[in-house]
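Take a look at the structure set out below.
Think of it as A, B, C and D in the order they're written, each chain with its own count starting at 1.
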Amino acid sequence: MDTPLAAERARAIRDSFAKQGLMISLGAGIDRLAPGRVVLSLPITAAVTQQHGFAHAGTSFALADSAAGYAALSLMPEGSEVLTVEMKINLIAPAAGARLIAEGEVIKPGRRLLVVRATVHAEDASGLRKPVAILQGTMIPAGAAPPG
Amino acid sequence: MDTPLAAERARAIRDSFAKQGLMISLGAGIDRLAPGRVVLSLPITAAVTQQHGFAHAGTSFALADSAAGYAALSLMPEGSEVLTVEMKINLIAPAAGARLIAEGEVIKPGRRLLVVRATVHAEDASGLRKPVAILQGTMIPAGAAPPG
Amino acid sequence: MDTPLAAERARAIRDSFAKQGLMISLGAGIDRLAPGRVVLSLPITAAVTQQHGFAHAGTSFALADSAAGYAALSLMPEGSEVLTVEMKINLIAPAAGARLIAEGEVIKPGRRLLVVRATVHAEDASGLRKPVAILQGTMIPAGAAPPG
Amino acid sequence: MDTPLAAERARAIRDSFAKQGLMISLGAGIDRLAPGRVVLSLPITAAVTQQHGFAHAGTSFALADSAAGYAALSLMPEGSEVLTVEMKINLIAPAAGARLIAEGEVIKPGRRLLVVRATVHAEDASGLRKPVAILQGTMIPAGAAPPG
């Protein structure tokens, strides 16, 4: 995560993120931006849980999908957009704790498609992290045309 | 969707749903409950969107994951719980419109695992629906032990 | 499966299938061709099994992936090719029996991507079929350029 | 890959592998065995190709699925078996070359389920390797009972 992201790319991601109503509802923020790698996090509050008080699978998915999408966007030329084609999540432990952290990365960039992965960790009040979900998916550069 | 769901199973699902903080944050409600088949919906408001004003992939995922999970729970004995093992979503059109509707169904029930599918439709103000996402995944009956 | 497939499309699929060395190794054949829907099958012999004598998950996957790919190709213009972007399989029962049958279908056609599903059945000597796997994935029209 | 695998576990994997008819048909062999990590490979011959002469997606899937399954089996007690619950593959480049190499690893072991990943590389005649597919999936310990 040492290479800094070009200012224009960082600004494009921050502008897009600020328009994602869901990220705002979930209380999510941007932790780190690097080329092909983006970290987002959110507090685990009652607003994002399932019936046992853990973060909902949908919360982990949403945060990781955005992290992976912005990791893809970080590698694309100015004026680009990116859409999720498909994404698969494996839940590996209950998402209990104070904070949920998703790191998205580009595994294979491409002109027509980008293959991405993401990992979600739950962090407790003492700062201890454990992995709770892993994701693998595909992003598509988007202009005027919708996917398909 | 003709077979009615046993009252106890319906109550268990309604009780669980009421505790899903994320479903409440997203404004989701239960539309229909039947054995092995559950329909949930939510209004597409600014609180659930991505940067283009469509419902976020995470919104479609969360609603469909809950629908599929409750479809699984509808087939399980009293006192059961269910957790998502894994779930995959393909986005097939932008989720534009007034309302998002997810229908979850059990493809293969089982004692150790249940295989599920879900379909998400977006409905416009005139009531016209178009499919926006399809999902396929695995649920696990949960007692005290977490998945894994 | 009532609409017949145009002769040119059927020929393109048969020509391509005949070049799939893996399909030939596995003893697979084409059962039915229709627009957006293709059925392939193969005998369950010792050449396609896993350690318990059932068809290997890879056999079910390969047959279903080809069926889904040709379902996609059936909808594309002359001279087209198609490649698998990604595919997910859920195994729902042991693939025991005499024959494995995979039906692929296009869920969402598109100029840039096609979303597909497939179902695999195992058939016993008496002709009785049971579902053994379901798949969901993405195909991409291919010209000179590889995916990505 | 430094920790050696206990002799009994290695023998169990070699015995099981020798019974996988599909692996034998595909010409596959075991390259490396370590706790939670298994490498398999096969020659890219006409017997494993798709219509363009590259290894079929089903070939990459089958090799990677077996590698991931044996990575899971390497961590399980004597007398265990393992079955694939579900597996997702993203194809990232054409599988062209002389040899296909799949490395499976356990991401999250568990008593009830194991989460696995695999990577497939194609190697050319000069020994140069490039990644062609990544996989993410779930394995289940199997006794007498089938999945579900």
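Definition applied: contacts are C-beta pairs under 8 Å (C-beta built on N, C-alpha and C of every residue); 3 or more make two chains touch, one makes a residue touch a chain.
The model shown is predicted, which means the values in this text are computed figures rather than measured ones.
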{"item": "C-D against B-C, pair bridged by the larger set of C-beta contacts", "value": "C-D"}
{"item": "Proportion of interface numbers common to chain A and chain B (over half same, under half different)", "value": "same"}
{"item": "Distance between chain centroids, defined by C-alpha means - chain B, chain D (Å)", "value": "33"}
{"item": "For chain C paired with chain D, centre-to-centre distance based on mean C-alpha positions, whole Å", "value": "21"}
{"item": "Between chain B and chain C, centroid-to-centroid distance (C-alpha), Å", "value": "29"}
{"item": "Of all residues in chain D, the ones touching two or more other chains", "value": "85-86, 88, 90, 92-93, 108, 115, 137-138, 147-148"}
{"item": "Partner chain A, residues of chain C touching it in the complex", "value": "85-86, 88, 108-115, 137-138, 140, 145, 147-148"}
{"item": "Sites on chain A touched by chain B in the complex", "value": "16-17, 19-26, 45-52, 56-59, 61-63, 65-66, 81, 83-94, 146-148"}
{"item": "Of chain B, residues touching chain C in the complex", "value": "88, 90, 92-93, 107-108, 115, 117, 131, 134, 136-138"}
